[in-house]
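One chain, chain A, appears in both complexes that follow, with chain B as partner in the first and chain C in the second.
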Partner chain A sequence: MVESDRSDQLVTHGLSVHFDGVKAVDDVDLEVQRGRITGLIGPNGAGKSTLFNAVSGFVPLTAGRVVLGDKDITGWSPTRISQHGLVRSFQDTRIFKTLTVLENVELGAMNQGLNGAKGRDFAYGILELLNIKHLALESAGNVALGDERRAGIARAVATKPDMLLLDEPAAGLDEDETAELSLTIVDLCRELGCGVLLVEHDMSVIFGVCEWIHVMDSGKTIAVGTPQEIRTNPAVIEAYFGKERS
Partner chain B sequence: MYLQYVVDAIGTGSLYALMTLGLALVFSVMGLMNFAYGQLVMIGGFSIIMLRQQPWWAIILGTILVVVIASLLMERLAFRPVRAATAMTMLITSFALAQFLQQAARVAFGANPRPLEQFSELSVQYVVGDLFISRQTIITVVVAISIMLALTLLLKKTNIGIQLRASTEDVDMARLVGIKSNRVIASAFVISGVIAAIVSMLFFATRTNVSWSSGESIVLIAFVGAVIGGLGSMVGAALGGFLMGFAYTLLNALLPLELRVFADAFLYTIVIVVLLIRPSGLIAAKGARV
Partner chain C sequence: MNDRVSAWSRWVFLALPLIIPLIVITVLIAVTNDISLVQRASTAMILMVMVVGLHIFSGNSGVISFGSVAFAMIAAYTSALLTIPVEQKPSLFPDMPGFLSWIVEFSLPVPAGIVVAVLFTGVVAVIVGVPLVRLSGLSAGIATLAFLVVVQVVVTKWKAVTRGESTMVGVPKEATLWWALAGVVLAIAVAALFQVSRNGRRLIATREDDKASMSIGISIPKERLVGWTLSCMVAATGGALYGHYISTFSATTFGFALTFFIVAMLVIGGMGSLTGAVVGVLVVQVLSEFFRTLETQGLGPIPIIDFPGLTEMVLALILLIVLIVRPSGITGGTEVADWFARRKSPESSAS
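Now for the complex of A and B:
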């Protein structure tokens, strides 16, 4: 993909997803810029996962639009969306466990037309970036959860996405692994120049790496801003941090 | 004497192992148990009859070509349109296709079996101690092992092999990382077509005729082999197919003459017992169920 073909932003306009009358996501305008890490947070049931799934094509929209660069991708299949540069990771990683870690990443490289030795070198480069090069030849089903998550992200990254959606990458990781992963996410965004939308419960990750944060509660956007603005936003404190304290 | 039966059973087991592998490959990639696979073997048989006067290499290449084209046409015309449908729809489609191909062969080649001139070179027997080993048995075992090794190398070392293995494990995720499912599934049909062609050459090398119903019994045994081996597992499929062929030959050889007519009943009783003990098959693939 040449640089000029890359999508600079991912935007939703009035995105709504209703399930049997329940407004899981209601009229949300989200903006993710390329080269920036955007956090998506909110208490349980806020609608983050539904929004995430709707943007990546896994849940149909009730109303609204999703625009990637200059393309309206509303209603597109997850496959078509990923082919156009919006790639997501999964909480349960969905790594191919019968393949080696390297083969998992090579699959992403193949998608870029990088085959054979070129694809392998490219995949090794990505694994190095994610600090799991030493696990390249291990069966992906045999590595620890933290490494499995990294392998899942590596596979997504190998497709050279314009927008990378990370679904709770730190879930189940210990403090050290989480800190290391946070640094990796920042490195990835810088190295690849892609936009990152990060859904995460761990506030240390969110406030540690995100330059922009979108906060939801009960399906609606309640605040958007820099980490500093979000920390001091009364609505966020009430809806999110307030609830946590209670 | 018993050892002689075992040698013969190994030959038949190897043949069924190959057949089952072809079935299991397509099943793994698209969840389709293709009952029309036996008709690919039948098409291979008629190809051999048509090419019988040609040099041996032309018979081999010609048969592979014809069966691979038939396999690809099956995928493109019959199975691709129902790929998103339920497993039951695909299964019924495969039954319908099997019937269609059988009746088409009946119209094209007649209801009576067509005689097949024997390949006398294959009936040469080697004597090893007290054992008689036919060239046919040796070729079958060597070809089966070679094909399995080649398939293993292809799956491990090539791009299409890695894509096939990924699609086998999680076809939706495979699409998400950019694997073109049409291409991968077509590749699976090409490989299984090559295997079907080779099975047909090995199978009909010892037969005196080919008929429109020739593929029927062999696909049933291979299907049961895939089930007891473990659906979705290549190794399990090869093992299951081998055991079915092995057991089938031994039962036919060792049962008392008056019981031999019930060999199939004994075979499937063993299958039921195996499935009662291991419902997911001998080597179950992740998430596979019978």
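Now for the complex of A and C:
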């Protein structure tokens, strides 16, 4: 992909997803810039996962639009969306367990036309970036959870996305692994020059790596701003700790 | 093994451990000059071509198909129509429709007839495949079964071209044990090549996790269509070979019984691996021969068991047991190359 062809931002306009009358996501305007890590947080049931699925094409929109760069990708299939540079990881990794870690990442590299020796070299480079090169020939189903998460991210990263959506990458990891993963995410954003939208429950990760944070509650946006602004935002404090505490 | 294993060496490790023993076994069977044994081995290898064909799609995509025998039937009839000697055609097909009258006017050599039949079947596979590859699970199973029924009905009713319920006769009986071996070597080589190819690996990814494969830009219908078409063409090769091996056949030859055998062989061997397809044919064929012998001749001190359908019942029972106890089949979805790798790994870790 030529640098000038890359999408500079991902924007949603009035995005809504309703299930049987329940407003899982309601009129959300989200903006993710390339080269910046944007956090998406909110209490359980806030609508983060639904928004994530809607943006990546896995859930149909009830209303609104999704724009990637200058393309309106509303209603596109997940395959077409990822072919145009918006790629996601999964909370439950969804790694191809019978394939090796290397083969998983090579499949990602194929998305940008890298095959054979070129694809393999590129995949090895990505594995090195994520510190799991030593696991390249291991069956992906046999590696530890932390490494499996890294392999899932490596597979997504190998597609060389403009926008990388990471769904709770630190879930199930211990403190050291989480800290290491946070550094890796920052490195990835810098090395690949992509935008990152990060859904995460671990606030140390969010406040440690994000430059911009989008907060949701009950399907709606309740705050948007820098980590410092979000820390002191009364609506965010209320959503997380309740009215009394605020 | 160097960690940068090329696709070529992966192909070699996948195909040769299956091809070499088959060549050795065939040579050993040929030198015995036992006509019955040669016949059984030839049939087994032709069936193996069809099972390997089914594996290419169902094994790599995880979508079961009951329709591969329909493509074997199309190819068998097409090759027969193209290769029956010109002098016999007017009497065999007196009512050939005008738009197909050219078929009566010439005759191809058998190898050319098989190639044309396989290519024609490939075209049919693409046409049928476009809507079919969008289905999964039960819907795909029912749709492919429906296609088999449709082809059977067409073959049975289109008397002017297929001789209807009458047996197709005059088909050159040229396929031998060596043709069967060539067919199975070709089928395994093609299946292994597909498995290590870009398309094959993408199709395997869709089998592993459809959402994850879509998330990295893999088009499931496109990859399934490639696998489906190749799968049908390999099954068609088996069908055409079978036609030229038995030389007289009808629509019932390529019916539910053969479909059951082919699917049972793949499931018992292990649908997820090419090795499973080969092992499944060998195991089922040996068991079938054992029980057929019991049914017809008795075996040593064991008297004849006069129970019609004994073989099919035993096979169905084995199929059920495998599905319950070991759904991934005898090989568990692994390849011979994986077994070698596992045996080697303790040594490599020790060193």
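Points to keep in mind about this one:
Throughout what follows, the second predicted complex is superposed on the first by the 240 of 246 C-alpha atoms of A that agree within 3 Å, B and C clash if a C-alpha of one lies under 4 Å from a C-alpha of the other, contacts with A are read in each partner's own complex, and residues count from 1 in each chain.
As a working rule, a contact is a pair of C-beta atoms (placed from the backbone, for glycine too) under 8 Å apart; a residue touches a chain by one contact, two chains touch by 3 or more.
All figures in this text were calculated on a predicted structure; none of them were measured in a lab.
Model built by superposing both complexes on chain A: chain B and chain C clash.
Legend: residue contacts after superposition of the two complexes on their common chain; A:Arg155 is shown touching both chain B and chain C. In the superposed model, A:Leu137 lies in contact with chain C only, and not with chain B. Contacts of A:Arg94 after superposition: both chain B and chain C are touched. In the superposition on chain A, A:Arg120 makes contact with chain C only, while chain B stays out of contact range. Using the contact criterion defined above for the overlaid structures, shared-chain residue A:Leu181 touches neither chain B nor chain C, since it reaches no partner. Of the two partner chains, neither chain B nor chain C is touched by A:Val205. By the touch criterion stated above, A:Ser82 is placed in contact with chain B and with chain C alike.
Greater residue coverage of chain A by touch, when chain B is weighed against chain C, goes to C.
By the touch criterion stated above, A:Val28 is placed in contact with neither chain B nor chain C.
Taken together, the two structures place residues 78-79, 82-83, 87-88, 94, 96-99, 103, 106-108, 110-111, 115-116, 155-156, 159 of chain A in contact with chain B in one case and with chain C in the other.
Residues 159, 162-163, 165-166, 168-170, 172-179, 286 of chain B touch chain A in their complex.
By the touch rule above, chain C contacts chain A in their complex via residues 3-4, 6-7, 198, 201-202, 204-205, 208-209, 211-220, 272, 333. Interface residues of chain A, counted against chain C in their complex, comprise 56-58, 77-79, 82-83, 87-90, 94-99, 103, 106-108, 110-111, 115-117, 120, 136-137, 155-156, 158-159. By the touch criterion stated above, chain A contacts chain B in their complex at residues 78-79, 82-83, 87-88, 94, 96-99, 103-104, 106-108, 110-111, 115-116, 119, 155-156, 159.
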